[in-house]
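What follows is a group of structures, each given as structure tokens.
Note that subunit A is present in both complexes that follow, paired respectively with subunit B and with subunit C.
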Partner chain A sequence: MNNELQLLSDYVRKETSHSGEIDADEDLLASGILDSFNIVSLALFAQEQFGVEFEAEELVRENLAKLSNLVALIRRKRAEGASRS
Partner chain B sequence: MLRKIAGPFREFGFFAGTLYIVDRLLRGVSPGLGLFVYEFMVQPISDKPLLPANFARGLAFREIRRGDPEIALMPARPEIKESRFDQGAVCLGAFKNDTPIGYIWFCFNTYEEDEVRCTYQLVNPAESVFDFDLFVFPEHRMGIGFMAVWHGANRFLRDRGVLYSFSRLTRFNLASRRAHDHLGWKRLASAIFLKIWNVELMLATIFPFISLSFGPSRRVRLLFRPDVLQSTE
Partner chain C sequence: MPASIPRYLTETAQAMPDKVAIVSSARSITFGELYNEALATAECLRGLGIAPGDRVGVCMEKSIDQVLGLLGILFANGVVVPILPRLKQPNVEHIVQNSGMSAMITDAERLGEVAGFADVTRLITGHGEISNDWPNLPYLRRFTQPRPFFDRICNDDAAIIYSSGSTGRPKGILIAHRNLAEGADIVSEYLGTREDDRIACVISFNFDYGMNQIWQTIRKGCTLYLHELALPNDLFAMMSKERITALPVMPVIITKMFDRRLKVSTSAFDFSAMRYVCSTGGRLSAEMIADLRGAFPTARVFSMFGLTEAFRSTYLDPDKLDTHPTSVGKAIPDCQVMVLDEHGEECAPNVVGELVHRGATVNKGYWRDPGNTAKVFRTHPRFPGETLVFSGDKVYRDDEGYLYFVARADDMIKTKGFRVSPTEVESEVVRHPDIIDAVAFAVMNIAVGEDVACAYTTVSGKPLPETVLRQFLKTSLPNHMVPAILVHFDSFPITGNAGKLDRSAIKQAAFERLGITAEAGATSAPVARS
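Then we have the complex of A and B:
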């Protein structure tokens, strides 16, 4: 989880110029670090970086607003991919 | 109290913060007084999809016409919606599995501002539109809602040969400013309208720069050109 979290945190800092620590369970929309535009950019970054493909239905606040939830989704998608292949 | 006064300066900067406070004071005196601070923006209409195919799965876009059931879902007052159709505006709706996500309105040739007496005229109407009132239903705002509407709008406009979209945003609407920044909009001009009951004084950064109107018979006309895009590319 740490490696994924680190990459996602770094991306959020770069995208938003947020300089502070990012807690994995922090709601980044509620805290104003992310908005409805860069949350989509974050999902795109996660797709490319971790080689997964999200369904449109998965692009919701519950999965994207907290990095811990996004990491869980990435892992679930990877596991699904691995079980199919 | 001090924090309340400092808030607008922190949010908008010194100049716009001052304008915001003046506007609040004027409106406190009478609803017939006010300061309208606008920025006029333009963006090129991209021929590249805004969303990847898997994000756009299940999305559909179609024109919402006068009398369609979706009209009733729009928060604007009925007479406002009627007046939009009367001036030839087109509304594009974005749908996910047949459920409306949001919509955006477009005007061709000219747009009649409804807050002050001003007409925005597109200098090259064959290749330009004026967009306004982009609305995303609350349940879709923290997902792909805004991007989905523009994803469909780009395609809709490109198919009609439109290369540029213009819009007006209120200087004090930070969410709208951020949204425009994300989509790569450029500012082409700014204007301030001081409204004193029936009298309107406009100062703008484009021709005619200054205008004074004493009644509804005189509307100032601002011409919109996409030149700012060429100068920064």
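Then we have the complex of A and C:
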């Protein structure tokens, strides 16, 4: 398990009191682990934790509801940031 | 024509069978198909042993199959009982037993909440794949010939909707077929809902407000677009793509839609088809109104107000939103709202009295609770033989007849669109081993209606770290019930004789500690008393 995924799933577990494992490819809104309030908290946590800033059009369910997609977005944003600097 | 939703759907399906009725991300359905599949669902339910008058639970995610479940129960002469999401087990158990539920329609997403009740009520899946465990409606429908056998009259029971009561146990409101049908007619009349409307449905079908969107759609032959709001960009993209014309919301939804932290720019979308936004479940702040108008300049903004016991009571004419921003407006069509003093006489303008509602939306009473029904559903000498709703809520009317809400009768906390019982919060807080007593109350927060606040005392005399206490509460309370504000007291004041907690003194002390005035804490608006 990679580091981003571990941190994100720890955050989800802490925020929601979900005790089981979290499948990186599970839609956490569909399964009811996340609701419309804490999916926003998750996005803000990810920005803060990984030092990236998501654009408005990136803050969509497609990118945030599955942790695997969120990790991919974080990595993409970091790569963009690195190539700019 | 007697009024009921099954009759309305029968008419609309005949008049426009090929018109699209409902669209979800998964599929869409025409009025003709909706009618046939609802009848097939009813036939399946009958085959599964559902008899006329039986209460049938619906515990499902928002979907076309959920709508078919609701309609199927109505067409089967049954009574719909929605199971609200994320209720604690004792509350679900209370609803199952209190309603005397013969069966419950559920789906994979919400099965976990109700699977434990399989030996008390019959579980049926209304969505998804077949399994060996439960009968599956989408599968059974394929082998079922639709055949109409709906025979209820308009006064018969159509639904029981449970909401939290002050005692902590949910109370069921019994709703007649004509209440649902007239709700569709009345609301579509004052909102001006019409056949070419495309309504974005972000609200839940577990409450009367959400269900009314289905009923209006069926009545007017317009189209309903189902959407589960999580991130505002997804909603805005759908609204723009589908050229949505109508958006029913609640204050908490507006707050989510325009969450500043998400940097949403609504100018990137085309909302030029928008005709109206309507909101109920709390007052609109100036900022919310500005956000709605900024995003949807072509839309009229309706602020509405209702009681659980009578669905909807008032709405404010959109043209009066600027001149009367704190008013709940005037009575909806076909209903009368009175402001009565303790002698049952109409109050003069600017004098506070009780809101009493008469007319078409008055529901039948509390299910299996004649005591509470007799307290609220009463007669008035001016209208012999007629049942009115005596809300207990305090309101007044200004010189032009506009109504203003002053205070609720109960101490329920209205947060994020939910009614939360302070008792229910307190009983979970005191389960923490270090906590002695707890008093929960509302603190005004216009973004979500009210925040749940809780004052508590500890054995150790020290405050608990907030994150620790919240973590503890999250294991047993749904998120919306976990107090946003926690206040530790060394000890609580008690009332003189009985040693009972002095709740109002505790609240006042907590307000002082939080640095808010009593007015900001209470739900009341400043009132000119004559």
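Following the convention adopted for this analysis, the second predicted complex is superposed on the first by the 84 of 85 C-alpha atoms of A that agree within 3 Å, B and C clash if a C-alpha of one lies under 4 Å from a C-alpha of the other, contacts with A are read in each partner's own complex, and residues count from 1 in each chain.
We adopt the following convention: contacts are C-beta pairs under 8 Å (C-beta built on N, C-alpha and C of every residue); 3 or more make two chains touch, one makes a residue touch a chain.
Keep in mind that this is a model prediction, so the values were computed, not measured.
Student: Just to be sure I read the superposition right, which of the two partners does A:L44 touch: subunit B = first, subunit C = second, or both, or neither?
Tutor: both
Student: Which partner chains sit in contact with A:G32 here, subunit B, subunit C, both or neither? Use first/second/both/neither.
Tutor: After superposition on chain A, A:G32 lies in contact with subunit C alone.
Student: Tell me the contact category for A:S17 with respect to subunit B and subunit C: first, second, both or neither.
Tutor: second
Student: Touch test for A:A79: subunit B only (first), subunit C only (second), both, or neither?
Tutor: A:A79: touches no partner chain.
Student: For subunit A, which residues belong to both interfaces, subunit B and subunit C?
Tutor: 29, 35-40, 43-44, 55-57, 59-61, 64-65
Student: Please give the residue numbers of subunit A that touch subunit B in the complex, ascending.
Tutor: 29, 35-40, 43-44, 47, 53-57, 59-61, 64-65
Student: Touching residues of subunit B toward subunit A in the complex: what are they?
Tutor: Result: residues 51-52, 54-59, 96, 136, 141-147, 175, 178-179, 182-183 of subunit B touch subunit A.
Student: Subunit A touches which residues of subunit C in the complex?
Tutor: It comes out as residues 61, 85-86, 109-110, 228-231, 233-234, 237, 256, 259, 261-265, 268, 416, 471, 474-475, 479.
Student: Can you name the residues of subunit A that touch subunit C in the complex?
Tutor: 14, 16-17, 29-32, 35-40, 43-44, 55-57, 59-61, 64-65
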